[in-house]
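To keep things simple, chains are lettered A, B and C as they appear, and every chain counts its residues starting from 1.
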Amino acid sequence: MLHDQLARDLYTEICRLPLIDPHTHIDPRRPTARNLDDILGYHYYTELAHSAGMDKEVLTSESDPRERVRAIMYHMARFDNTAQYEWFMEIIRAFLGFEGERVTLADCTWLCDRAEHIMAQPDWEDQILRRSNLEHVFLTSDFDDPLTGFNTGRYVPCLRTDDLVFHLDKPEVLKRLEKATQLDDVKDLRALREALRKLFDHFTRHGAKACAISLPPEFSPEPVSPADMAKDRKAFSRGVFWMLAETCRDFDLPFDLMIGVNRRVYEHGVHQGQDLFDQQTSLIQYAKLFNAFPEVTFCVSVLSSGQNQELASYSWIFPNVVTHGHWWYSNIPAYIEPDLRARLQAVPKTKQLGYYSDAYKLEFVLPKFNMYRRTLAQILADDFIRPRAASEVQAVELARLLLRDNARRIFNV
Amino acid sequence: MLHDQLARDLYTEICRLPLIDPHTHIDPRRPTARNLDDILGYHYYTELAHSAGMDKEVLTSESDPRERVRAIMYHMARFDNTAQYEWFMEIIRAFLGFEGERVTLADCTWLCDRAEHIMAQPDWEDQILRRSNLEHVFLTSDFDDPLTGFNTGRYVPCLRTDDLVFHLDKPEVLKRLEKATQLDDVKDLRALREALRKLFDHFTRHGAKACAISLPPEFSPEPVSPADMAKDRKAFSRGVFWMLAETCRDFDLPFDLMIGVNRRVYEHGVHQGQDLFDQQTSLIQYAKLFNAFPEVTFCVSVLSSGQNQELASYSWIFPNVVTHGHWWYSNIPAYIEPDLRARLQAVPKTKQLGYYSDAYKLEFVLPKFNMYRRTLAQILADDFIRPRAASEVQAVELARLLLRDNARRIFNV
Amino acid sequence: MLHDQLARDLYTEICRLPLIDPHTHIDPRRPTARNLDDILGYHYYTELAHSAGMDKEVLTSESDPRERVRAIMYHMARFDNTAQYEWFMEIIRAFLGFEGERVTLADCTWLCDRAEHIMAQPDWEDQILRRSNLEHVFLTSDFDDPLTGFNTGRYVPCLRTDDLVFHLDKPEVLKRLEKATQLDDVKDLRALREALRKLFDHFTRHGAKACAISLPPEFSPEPVSPADMAKDRKAFSRGVFWMLAETCRDFDLPFDLMIGVNRRVYEHGVHQGQDLFDQQTSLIQYAKLFNAFPEVTFCVSVLSSGQNQELASYSWIFPNVVTHGHWWYSNIPAYIEPDLRARLQAVPKTKQLGYYSDAYKLEFVLPKFNMYRRTLAQILADDFIRPRAASEVQAVELARLLLRDNARRIFNV
């Protein structure tokens, strides 16, 4: 809760703005949690519980879901200082009616029962969307997702391309591509290019609004000759990536770049809790790309707060680079605050996509956006309204750009 | 405007201190703007407008200046959240008498007329200097500048050496050097050394107080043998740089190092709006230099806020390293604040050159210094006066060192 | 002094918590200062005075100690803005009864006399420990320290291993090792491993609670084959380091890693005032180590605030990585504040060792911990109590974990 009255008033106003959530991992065919296990199974909780001493065994599918919830809540007492704990408190308060100051193991059964009861309501998805004030939810769609069986107006497909760039040498990935594109034999670059166009055609016909990829810290895109692509795996990845950028240009799709993640750093970590970053990276690695594709809007997320100044500066200079959210290890108020202040002072306001939830279940959209909105409200109060650089109405209009209107314009939704 | 009364009072006091601006790009023969086009032609506005969607065409010299102003002001509505917009507001309020809360395209004609009228006053330069409380303005002088035709007491020449270090392989640069030094044939290192001495002699006789250079992130100075200098371009640059440091030592001139800029990163950017940085750099690259020249004071600017801790630590340890201003992409309150706090807590107060405007026209000195002074006043209030680490008088004395007295002593003005 | 009443109340409560200081350079056989020279001889003062213009000559052992004190206090007027000056003020106020607002050269004789008088009291050590509320003081013990002649319950030995990893190629170090382990000829890896086990056995029998080392920014541990260890010096260092980690595992000792220091960067600096860092480093270099030794707790200190996000994220993910204090160039409020905020929001509270003094004399424990406690109190007030994320009692309990209970559990004291 915000302590400062002006910031609190602003926060209330900002919460009234309808949201576009431009990056999530929601499964549109099962967008909500069905029980507390679906909530606490989020990797933020399993990895913190494991880091604080919980054995991974309880996370296997053979374990009893209630035992798993108990184990995580038991260890939660060791990380009840974290931002992630606050998200959980906000979820159980807002959606389950929990009224205590802190949550303990003693609340476990009540919470589990309550969650199962409430989340089983037939209109639960609509309730959540309405109470979260959510207009559009962007997905992270596998390239071979048929994109049917859900409302693509509400759940906006985005073509996730990590597999294509980094794993096309795996026979099963190639097979998936051949199946998805109904091409017999994707053997050479000409065929690959045709396959990519088929994917983009399929996606855009089904309402896709972005192409997206996450990239390791040392990745440095550049055009690669067919001969070089044939030679080594890294050159091949760079080459496919460049082809994707060309296809984004041809299909007029923004390209979401999530820069900086090293996969499987903690080898024995929980599922999705094994990745970390290397602060030694630079957007200079992307200068060639940004120069080569002036027609493509690159929505860039960086993983370390240290790199935020580069991101703000690149957005300030390059017309086709926009700032995108506060990602993963930078998604805590201690980093959102300085990163957002810098963007608000340095980047044209029309070039900032404020926030995305990165959520796997709709229940997380509200608490994560609230965390962001509180930080935003405080900055607007301190840096804009109090120094008389903006009125309250102007500050809320600025928030509307960050939370909705820029996403509408940039992604054309 | 500062909201905190104590900080506001301090700010008022600090604004009374006469200023030395130890780094600008002012043309001493035409130091002020003549119209709004001269103000909005500053690369901060052209690059933000371009980044926010403005076509570069309007910036060519064939365009009508008023049309250019209109185009930039039209796009300004997209970046009226930025620190740069605040500078503009402060200029039109302080110098043109603008009284509105926001500026819009509707104000364009009035502002243009008003600017032309006011800036045409014969004593405009004196008015600006007086109202900005400016004692000395340091220049960035080309090595072949005759340094005549202006008051070198007010406008202090500084020998800019980028061309010598990085472009002496270009025939036109070599020719300029030969002409400036009246040496027939600067062909070998002995001749080059003589040429440098002639330049330093010319500059110091005309009141120059510093040698200055901007350097790319990967630059790593070290002494280079003549044989190695002959071999490759980068070694040659390092060798010339080392000779400059030797000449600074011999002529007792401080050496301003502006570390971290990559030139022409955004190839299609506006004039002076193409450069960016690479956070992957370290002052460890300068350890040899700082060790080799204990007699030379190095006034160091860094381009990324992330590198500020290195700068503060190097100044804390090396007697000949002083902190210099808040440069370019770090020159917004969101970065000035943490960077300045760290310097004030870690670096001897006599070794900090607080701020420089980097301005091309005198009109920018006031708003840029005001931005710095507001940040400084708030930090002095919060970190020094409120915790009773200093009285208000002592805090203002500290500000005087940062804004004037250290520059007087270090540059010997 | 804290200006905010809530933070001040919290600070008072936090100061009541008994302390464990998990990293110092205290000499347990002479733990306190005997005079002002022992206080101002701390490298923080000699290096700042030298950086601000003091000649190093006065620091040689031939100089008169009072002259040395006068020289440092004379130059202190040039760094009375720094955190280090505040430590000194707090020492002379708390322990010497100084009552002035500022200290000047005019106070020198009085302070010197007073210090000699007060520090000569036979129970001075006990007084300091009691007034500093200190339970346990961790040492940095040379590997050949006999560990006798002091109370190892109060002064907890820690095996410092820099010499073993980086200097075993020096004959005198090898001789010290042979003498300490009573092994005739430590010639091969088998003998070295036996020597290490003997050291660990000696240390743990004398109450040692940790193994510790400081590491340069480019260090990247990995297992090394005996053949490779024989080949080059750097591989040898990596190999010995890996053997130390294995021995930590076998003896169940935590391993303190102090990551990022470059030695002798300023070649002509004062004693202990020559080291700096290189921000270009990453914890990714330690991923192999953290994966290979899940049974070893690594207590990690980083030297640059920029690397704090990596540290917080690694502690968030790796069960065997804990955050350790605020080291050296990051040990000023301007860096403690953002670094601590991030840790409190992202790392399980049981995995944070809040602070260590790094002191050479007991007198420094109080002012350094006070600096930390003030910052901690303000963050607890702003980020936990005011937003109603914790009660005051819970906030103090969190502080107790950081200042005492985590150290007790992790180091098993």
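Heads up, the rule we're going with is that contacts are C-beta pairs under 8 Å (C-beta built on N, C-alpha and C of every residue); 3 or more make two chains touch, one makes a residue touch a chain.
Remember, predicted model here, so these are calculated numbers, not experimental data.
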Self-contact between copies chain A and chain C, residue sets same or different by half: different
Copy-to-copy rotation for chain B and chain C - C-alpha atoms, rounded to a multiple of 5°: 120
Distance between chain centroids, defined by C-alpha means - chain A, chain C (Å): 39
Chain C residues counted as touching two or more neighbouring chains: 280, 306, 338
Contact set on chain A toward chain B in their complex: 280-284, 287, 290-291, 294, 306-307, 309-310, 312-319, 338, 341-342, 344-351, 383-384, 386-391, 394, 398
Contact footprint of chain A on chain B as seen in their complex: 1-3, 47-48, 50-53, 78-83, 86, 101-102, 262, 265-269, 273-274, 276-280, 304-306, 329-330, 332-335, 338
